[in-house]
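Letters A, B, C and D mark the chains in the order given here, with residues in each chain numbered from 1 onward.
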């Protein structure tokens, strides 16, 4: 086994099998949520006018913490460039960059730029992706049924286009809301997915009859993806997954007793002995 | 086996395996429903003005009955304090307390206090929780898939924030309803869950296209919790559960032939011999 | 085996395993549908004014046919009174009675009576119940999960009452649509079932937050009945069912090779030899 | 094995197990999508006025390509008439015919004819049906549960007619939206499928109560088709299907190692040796 500097820090930051690692994970989760809520509130005009200063304090404090987290990750990982280029590395960098960039922009910004900056910063929520380790099983079930789901989507897509075109013909001349095929197809999607805003709705008896048929079809074919996914989940063996992260390629999803990474073959961290809390 | 006073009363009130116990359960269920309906009707102004007196009679009669039930439970259980501090004990107390408290308040109350008193009394519906014994199996299936469901919720949460932020950018400048990110995220939740009120709806072609994508994703990922839960229910052995309640710790969910409580080890009531009805 | 008069007629009318029986069934199905559509169209004012006479002709012709069918059933069944008192016998009688009763009413009727007569006649659609033989399997699965479903309904009922009461408090003072607890509970039902009319919708930030939580809960607990029902259907053996109807007690659902009725023990009709069509 | 001319072309166009065949399939998929999108955009007035010429260029180029594809299919298939009369042959012909027909029509067309031509050309989307090979498994599961689904639809149909008729009685006199039974039944379908446009909604307390009951029933019976379909998918063996198409009868869905067509017995194309890409 190779010696590795900063291993304790590595385990705390990247893994979740020590007490410190779990505390770090929960704290990071709460900080991300706080930060995203603060950024979302900033876009509400009344809140921005009343609490703008406080929100900016929160924003800068959390950006500082996330910057520190990013630098620590770079510092304790064995191959910093590989981390920096990985999906999680890019997300961690993009979570802090926009806030610093906003300093470079002139103070008086156009409304449109302000909006874009806000949206880009809210995308910080993607840092949550690192907590989706359990999604391996869901992902495998989705991949297993991917072809069936694509076939299903092609089928639903053809259905909404055909029904949308028919509605354009049936309702179009009298009902302004169905004045083009794309609008009718949008209505068909709103209906077949049972969302039903009601901003576009058929008014003629024939249109309503067609809509009723579409609703019942939509109601029935709902069963298809659910059945596909449930049968995939049931027939698939559900393996446990450890909290280890490969120090070389930073991938997760290893078996509980795995010693080498299943993706690149590098040696994994040994499971720590049980700590006294 | 220890002698126990009031055992007959205990079996009638706490368990459901004697004729008297079943009658008690059904009667209690009907009284709770009557009481909640009466309290709900009281908040409708026209009904309150016309039948206010009758509703108050019903309210006081039922409160008296529930008080009697609470006192009987305290009287016949072996350790009254343990019952009083248990979840069901607190719910039973809170079901009657607000009605008595309303006597202490000055006659002329502000509208806001009246409202709160009404709501607190409606929470009496939580007494129904004691009829959810069968929920043990559902609860076990939910716990078994809890981690998958949390991952799913984190995923859906990230999705609605990202899509909400994009809609704030796409629709925000022209459509007043998307004037802040929280409003856009609210719209995204209304859409992805297929509720679709229609009070907020996209109007630009780009916004509608984005909405259509979100609807189809929402339609598809609906399959995920259903598949998780169905597979959990199918792969899990479904044990029968007796109607016995541990006289010590008041917990349910014992196996049909259990002699000792599986939670605290105390001796359970023996199953009564079949009664002649 | 007992001799039985009218056996050929009996097989045609009550069973579906001869060519004549199948033709009779399909013809009856089409006549019921035609009749219900005609009765529904009669309630549309413009159609009634323009085609009132034609619709009344259809109505009287089909009533005559259904009367003949009822009399033939009475004639060829071994115990007419038992048929007349069975569920299907009552439905068959009620399908024709209102039309004859309308002759007795004075010609100039109040609008309210006309409405009720129309509705009662539309209930003729219940004659379709006799085609639901296949529902035996679904019914068994529903019965098998009945207790779980009741628990589920009690849980959803408590949820909508608690959330409705909270919304009455949060939104009620400012939003007229939440002015009483029953209205708020109605809104909660509309939301949790993802129907989402939009006639009642929260407007305050707190109310919208609460609504969002309710939607996501509703989205998630949708998985519960589906999972229950799917697991019940999967774990249950699916037996074939013959088209035989017991000539004594008129019950269906016999095994393909059954010789005696499983409900009353009477001898069943033998399966007819394969006919040349 | 019989010699066959144009076999290479046949494999490219009709099958998907060679590199050329896959490239052809993906290219065709993209061209169909492009063409349908262009036709849909043509119906939006502003886009038609600004980009009408470009859209017509795209339309004519793609029609030329689809015509070429159709002719090539006729040329390389062993029995052209059988292909021309098959479902896919008719769809391929109908995908190009309307565009040529539009040349024969007088230049100044009535709006109604323009609309119909647009709709007919959009039906070109049905060419996508040839990519639904994977649907064999879904189709088998649907067929397996067809009788249960018909029973379910008859049940839902009766439910919405009965509830619609009741609502016509309860709401009809005061609420213009429920002024006829067909309108009430349309509302019941919109509600039971959880679409919930909100263009028709009950207003009286009794009507709302009835609506709430219908919603909860709709919410619950949603579980039925899903459960049926999931159990059918789970209990059914899922066979792999090759990409071979029978050169005689043009049917798909053969087993991976099949040598003869399972529908007509003709010899299938041998699987090609692995190509170097």
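List of remarks:
Heads up, the rule we're going with is that a residue touches a chain if its C-beta (ideal position, glycine included) is under 8 Å from a C-beta of that chain, and two chains touch if they have at least 3 such contacts.
Quick caveat: nothing in here was measured; it's all calculated off a predicted structure.
Taking A-C and B-C together, the pair of chains sharing more C-beta contacts is B-C. Ranked by separation of Cα centres from chain A, the top chain is C.
Because chain A and chain B share one sequence, their contact can be compared position by position; here under half of the interface residue numbers appear on both sides.
A turn of 90° superposes the CA atoms of chain C on those of chain D, with the angle given to the nearest 5.
If you average the CA atoms of chain B and of chain C, the two centres end up 31 Å from each other. Averaged Cα coordinates give chain A a centre that lies 44 Å from the centre of chain C. Within chain C, contacts with two or more other chains are made by residues 182, 194-198, 222, 226, 228, 230, 234. By the touch rule above, chain C contacts chain B in their complex via residues 147-148, 150-152, 154-155, 157-158, 161-162, 165-166, 168-169, 172-173, 179-183, 185, 191, 194-198, 201, 205, 208, 211-212, 215-216, 218-220, 222-224, 226-228, 230-231, 234-235. For chain D in complex with chain A, the residues that touch the partner chain are 36, 39-41, 43-45, 111-112, 115-116, 118-119, 122-123, 125-126, 128-129, 131-135, 137-138, 141, 149, 153, 156, 182, 186, 189-190, 192-199, 222, 225-226, 228-230, 232-234. Contacts from chain B toward chain D in the complex involve residues 194-198, 226, 230.
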